[in-house]
Amino acid sequence: MSRLKLGIPKGSMEDATIDLFSRAGWKIGVSSRSYVPTIDDAEIECLLVRAQEMARYVETGALDAGITGHDWVVESGASVEELAELIYAKQRLSRVRWVLAVPEDSPIHKPADLSGKIIATEIVHITENYLARHGVTARVDFSWGATEVKVPQLADAIVEVTETGASLRANRLRIIDTVLESATVFVMNRSAAADPWKREKAQNLILMLQGAIAAASKVGLLLNVRRDDLPGVLDVLPALKKPTISTLSDPDWVAVNTIIEESVVRQILPKLKAANAQGIVEYPLNKIVL
Amino acid sequence: MSRLKLGIPKGSMEDATIDLFSRAGWKIGVSSRSYVPTIDDAEIECLLVRAQEMARYVETGALDAGITGHDWVVESGASVEELAELIYAKQRLSRVRWVLAVPEDSPIHKPADLSGKIIATEIVHITENYLARHGVTARVDFSWGATEVKVPQLADAIVEVTETGASLRANRLRIIDTVLESATVFVMNRSAAADPWKREKAQNLILMLQGAIAAASKVGLLLNVRRDDLPGVLDVLPALKKPTISTLSDPDWVAVNTIIEESVVRQILPKLKAANAQGIVEYPLNKIVL
Amino acid sequence: MSRLKLGIPKGSMEDATIDLFSRAGWKIGVSSRSYVPTIDDAEIECLLVRAQEMARYVETGALDAGITGHDWVVESGASVEELAELIYAKQRLSRVRWVLAVPEDSPIHKPADLSGKIIATEIVHITENYLARHGVTARVDFSWGATEVKVPQLADAIVEVTETGASLRANRLRIIDTVLESATVFVMNRSAAADPWKREKAQNLILMLQGAIAAASKVGLLLNVRRDDLPGVLDVLPALKKPTISTLSDPDWVAVNTIIEESVVRQILPKLKAANAQGIVEYPLNKIVL
Amino acid sequence: MSRLKLGIPKGSMEDATIDLFSRAGWKIGVSSRSYVPTIDDAEIECLLVRAQEMARYVETGALDAGITGHDWVVESGASVEELAELIYAKQRLSRVRWVLAVPEDSPIHKPADLSGKIIATEIVHITENYLARHGVTARVDFSWGATEVKVPQLADAIVEVTETGASLRANRLRIIDTVLESATVFVMNRSAAADPWKREKAQNLILMLQGAIAAASKVGLLLNVRRDDLPGVLDVLPALKKPTISTLSDPDWVAVNTIIEESVVRQILPKLKAANAQGIVEYPLNKIVL
Amino acid sequence: MSRLKLGIPKGSMEDATIDLFSRAGWKIGVSSRSYVPTIDDAEIECLLVRAQEMARYVETGALDAGITGHDWVVESGASVEELAELIYAKQRLSRVRWVLAVPEDSPIHKPADLSGKIIATEIVHITENYLARHGVTARVDFSWGATEVKVPQLADAIVEVTETGASLRANRLRIIDTVLESATVFVMNRSAAADPWKREKAQNLILMLQGAIAAASKVGLLLNVRRDDLPGVLDVLPALKKPTISTLSDPDWVAVNTIIEESVVRQILPKLKAANAQGIVEYPLNKIVL
Amino acid sequence: MSRLKLGIPKGSMEDATIDLFSRAGWKIGVSSRSYVPTIDDAEIECLLVRAQEMARYVETGALDAGITGHDWVVESGASVEELAELIYAKQRLSRVRWVLAVPEDSPIHKPADLSGKIIATEIVHITENYLARHGVTARVDFSWGATEVKVPQLADAIVEVTETGASLRANRLRIIDTVLESATVFVMNRSAAADPWKREKAQNLILMLQGAIAAASKVGLLLNVRRDDLPGVLDVLPALKKPTISTLSDPDWVAVNTIIEESVVRQILPKLKAANAQGIVEYPLNKIVL
């Protein structure tokens, strides 16, 4: 039987990834005694691999595909195909940024000021390329973590990942520039991507993962409305997808069923009520494929 | 942009309040490093404030609105507008009562017997007003908590909050009178309440909070039934809200969709089956606005 | 008022049983201070009883009904009526087996080889009957637990419960024979089962428990499809139960609502999309009575 | 090399036993993956065995020695040698008692009243022997635990273990008689006890275990006193063991070093001060062999 | 029998107090179900009371004695006798200070700048007296806690307790003045202090508590030294208490046993070695009465 | 004032290091809000630094001294002075080894077989030097951890740290060679080591750390014996250090005080008793400088 060798990111993204697969329909079992997780699909073989190392092993074909960050793909310099973005981890709801930051009271205000300085970061290559693009010569130190507390005693500047910048501000750091934007990606080995069976298996997997991701931020909305009031109700609903309008046994009324972003319900619902919708009900969803 | 300054009760009601907001559509983020919670709505600015202090800060306008107990509104003496009751916290499913209680074997049996005695309570002003209404002179001591164990050694009577009276009985206390009934309330500063934008923002917030509260104890019920059996099925369903009856492609059948209290499903479902309903399905709800 | 005296299994099955009752519509409250759980149904009186002892007390009428394992019913020798199987506990998703097992390198290969040996087990009577059926004479020791580690030092063979055999293999044991298959059962006292009120109460309880069990592994699927494409979509759906097809206000389209096993969604959904289904939504269920 | 096969009681006494061995000088390592604990003594081989089954396996020679309760030795009927009592577990600081108990309001007041009744207990054989000694015929049911909550619904009386009787009183039970007194014992196989090497190994083990038990409740006391005041100081010290009196370089003074029960220090110390002792110091002990 | 009614501080000081009593020789048992702790001394009766309320109840005689903070004694205005200081709680190793603090960038720099401002604090009376002494009129708000995050939104200044000032600095607050210094005290009711039995009981209790406190920061030091080198060794030892010098069987050597602060061992020990001391051993102590 | 800038290893060695300093006499306080630990010695300034980065910062003088592994010193290539070994961490009681390991069934049996292979390790430089010494050309990949599960899929061999080899065997790896032995070391900047004040400060620190390490595995033994029996008792005691023999007021007796390894007490104590020693007491120690 054919099998897709799939890398699951070990460490900070691990739990969120396993949870996403569960919602998409695959149970991954990680045991503290083994680093080879089980999965309830005989066509997939999983391996836990650090996000930093994923692209390297997908490039060489040790893995057919893997889930990692775009940042680590770039840092590794590996040649792989990025099939899809998967934005799901709690700490990565939006794109993250790697930023150049210095202490609040630092005399450094632009990349050129870094000349001859020390920069600590987990992404040495990306930072070196960034410096080269700006024509600056500086020393880049690899940091094993806790990078934000290295300045000013151990480094002059850092390149660190941030979502909202809150943690940097809490450490009294000032952001100078964005070095790289990143998101979670599904990457595939170039030869594996050319194999029809593996490519379809990967595409179906992505379809379900994205179906679960889409459902996580959306809800179903069900309501009844008189035919006369239907246009007013439809005006309020977002145009994401045409709602389903069912006929009822009472010919003067119809039922409307639609899918909307959970985050806009709080704005839509008062307007639906004002438009004479009745029996409005919001219900949870597991997966959506529009 | 206009902003509603909203107080979230810190302490015992904190988790239940944040959970309710989440179900209503607002994510509040509390960090152990900061007392200013984040909220995913640019029109709201949150502040964690003790329930006891909430009304005071709403009165002065430091906050436009807040969530607290009616008891603490009265105790503070603050002049605020109570826009709605919100009965959601696990420990506050029904109204709570502040009661006057004494040891089981105490000679005190009515308010008049309190003359010259010591009363321990967290609500000193309310208790003093209560005594004044009964024409009784007694000493009222502020208690920092653990009030029910202060009698008989440290006080002759207490005024303490209770839901079912179980904790008082466990401490061998006898209830003499109810001093105040209370529930969770949404309060608003009087000037803010006169500002149309702020008032509408608050009203919409309350609509969603109450929609989430209503859904917590209800479920959706979906079933198919032959047109001939429909009257029998409708007889079984509670009259809370007329069910939605949809036409199916098979003209002999209809589908019935209705909302009922989860607690009665176990009685209704066997009867629906006996009335020839088929494909009966119970599904969960997030919000309801009937 | 009539009351059903119901035994809840104390110990390893306790949490799963209380969770199942909760999903079925009954809240059972267990306090660490009392062995008589509360239940929010005035027609039921609960008692926590060991699964091993359940059948004995149902036989004598101390309990009208109880939930226990078929194995313990047989071991006790008690005469009770088994009304239904309830396969719900995480560790008991499928039938379990009590097997005769020996160390991998043991010279014992068939029941006859047990002659004169020592067998450790928690089910002494069942094992003795099994030996008698095979005409073998051996010593059967009652084991208080940890049976699988008793061989080879303290016993020559064991009779132990297993679901997948994994724990036995991990202890390097070899299975020789299945002594008994078992599942969770709802048992009833024979006189109580002849009382119409008690029997109906028990049947309704079982209906709801099985409705909750059925829903746990299933989901609802909702989709829209052109009338022309409907046959192709129906071909893809499993034949478990005829789907509900509703008419929409747009006469060219219908809506399809069906219940399927969650485990097959990942295979069905790509095919539905290929068959031109639109707006496919998977939603969770609480209970199902088909 | 000779080896002592030693049974460690698995379950409720396990942690206290391992802690005692640690204080006595032997590190026992229990892994969740293995039921054969490691011990840092090549002359001992450990096995985790239920206290109830210990005597049985010591009798047959599967174990040379073991630690269990005297009660389980008697219940098993096994012929073993009890070398020493070891009273160390937190719940077993003093001897425990198995008592015959009934509900407070039961009509049963003496053993003879048990005729024809049901008795639930974990020690069926001891209870049957007790009834035979009193010439009473009654049914004795084996109880898998939670025995004290079986009366009055499932049994008329129980035989249950108790240290202070508090748990029985909390369950509103009345004690009628003591059936057996028990303590933790070190038991030995009769043949092994006759082997000089094994017996000496066991005796040395017991010496160290008892040395650690003795030290747990005692402390060292060190003080200086003028020769003239020595008699007054010695009068205050308990006569457990003659104190050690050392000569100092100042011939007018001596130093006194003694071992006393920690629980009496608070009474002795003020009196020592009054008797002109100086530089009084209390220090902790690991082991004592007087 | 006579009994001393003793208040134990409930809340933040509770665990440290119970631990101190344990080290002093009294076991206090606190149950989550009762607020009256048990104590293994028939001559003492304990009651858990908030530190804030302790002095009030000792003044009225509801308690004979109690342990609380000097700050709360002053704040309460109660007339009690302070028998001893007990500096033992982890967070109160040294005296604590209640300080007046403002945001770093506040225009307030001295008490006079507080005129017309709002001050939040848990010690309202002390703060009002402090303002009166400085001739300043300002509003003092009682704060239920989290005082340091109230400025600048809810108050202009705070009076808050601090040991090292670290927490204030972390919240970007600037200290303006010390309002009160405080430590833990053993207080006694004035009448009870005049009762010889109660006073002696309290004095013995204090002797043991202080003996345990003294031991916590001290250790025993034991060393051997040639008679010729003894003066050099004694020069190094602190003069807290004359060391005990014992004669040895080898007349050229003596043994020195002394008690010193643990915190100076790291300075003394290298010097002792340089002074030719041999076999230097540091051992732990339980109690010291010099 | 002079100050020693001291690096504490952050991460896996952190807790053990802080515990060792505490036993040696220095309290280090780590807050979750700050990465600069406090220490109760105004002459020391602490900084939490990864063990891997320690030598680098000691070399540049950012730190005067630090605690790290000898392995990381070598890997970093930094020129620092190793003043002492400190073998204290639970996982590092003995020297650890970095070993070259391959899967059990690998065709690689000696370093030469590595030619052209991939080796994964955390110590890239050391491994490259090792290969160069053996004249082998191979690719060395830096591994972020979980190195032992990289073979055979992601690497052909690994260089990994091990104490007993158990974890390697559990992963079915075979050890081929030892690449480096290592232990925890106290390293110092070369200039700082030439500064007399800093060097003495460091030496005294090491003296105390080693004093605490020595005491952890030893205990004090105190006993009385008749002068006639003294030779027999001394014969039993190990010759580690001559025991201290004190004269008593009873001239026929002496007291013996000695320090021995805790692990031999269980062998010595029965022999001491047989040699007529009396009042044998074992007591714990904090520090030892012999």
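Per-chain residue numbering starts at 1, and chain names A, B, C, D, E and F are given in the order in which the chains are listed.
Note that in this section contacts are C-beta pairs under 8 Å (C-beta built on N, C-alpha and C of every residue); 3 or more make two chains touch, one makes a residue touch a chain.
Every value quoted in this text rests on a predicted model; they were computed, and no experiment measured them.
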Joint neighbours of chain E and chain D, given as chain labels: F
Fewest touching-chain hops separating chain B from chain F: 2
Length of the shortest touching-chain route, chain D through to chain F: 1
Same or different residue numbers at the chain A/chain B copy interface, by half rule: different
Of all other chains, the one whose Cα centre sits farthest from chain E: C
Furthest chain, CA centroid comparison against chain F: B
Chain centre separation (chain C, chain D; CA means) in Å: 43
Rounded Å distance, chain A centre to chain E centre (Cα mean): 53
Rounded Å distance between chain A and chain C, as computed from the means of their C-alpha atoms: 39
Of all residues in chain D, the ones touching two or more other chains: 246-247, 283-284
Overall pattern in which the protein chains touch one another (line/ring/star/complete/other): other
Chain-to-chain touches, reported pairwise for every pair that qualifies: A-B, A-C, A-F, B-C, B-E, C-D, D-E, D-F, E-F
Chain C - residues contacting chain A, complex: 219, 222, 224, 246-250, 255, 262-263, 265-266, 269-270, 272-273, 278-284
Contacting residues of chain B [partner chain A, same complex]: 24-26, 33, 40-41, 203-204, 207-208, 211, 215, 220, 241, 244-247, 254, 257, 259, 283-290
Complex interface listing, chain B residues touching chain E: 10, 35, 47-50, 52-53, 57, 62, 141, 143-146, 149, 153-154
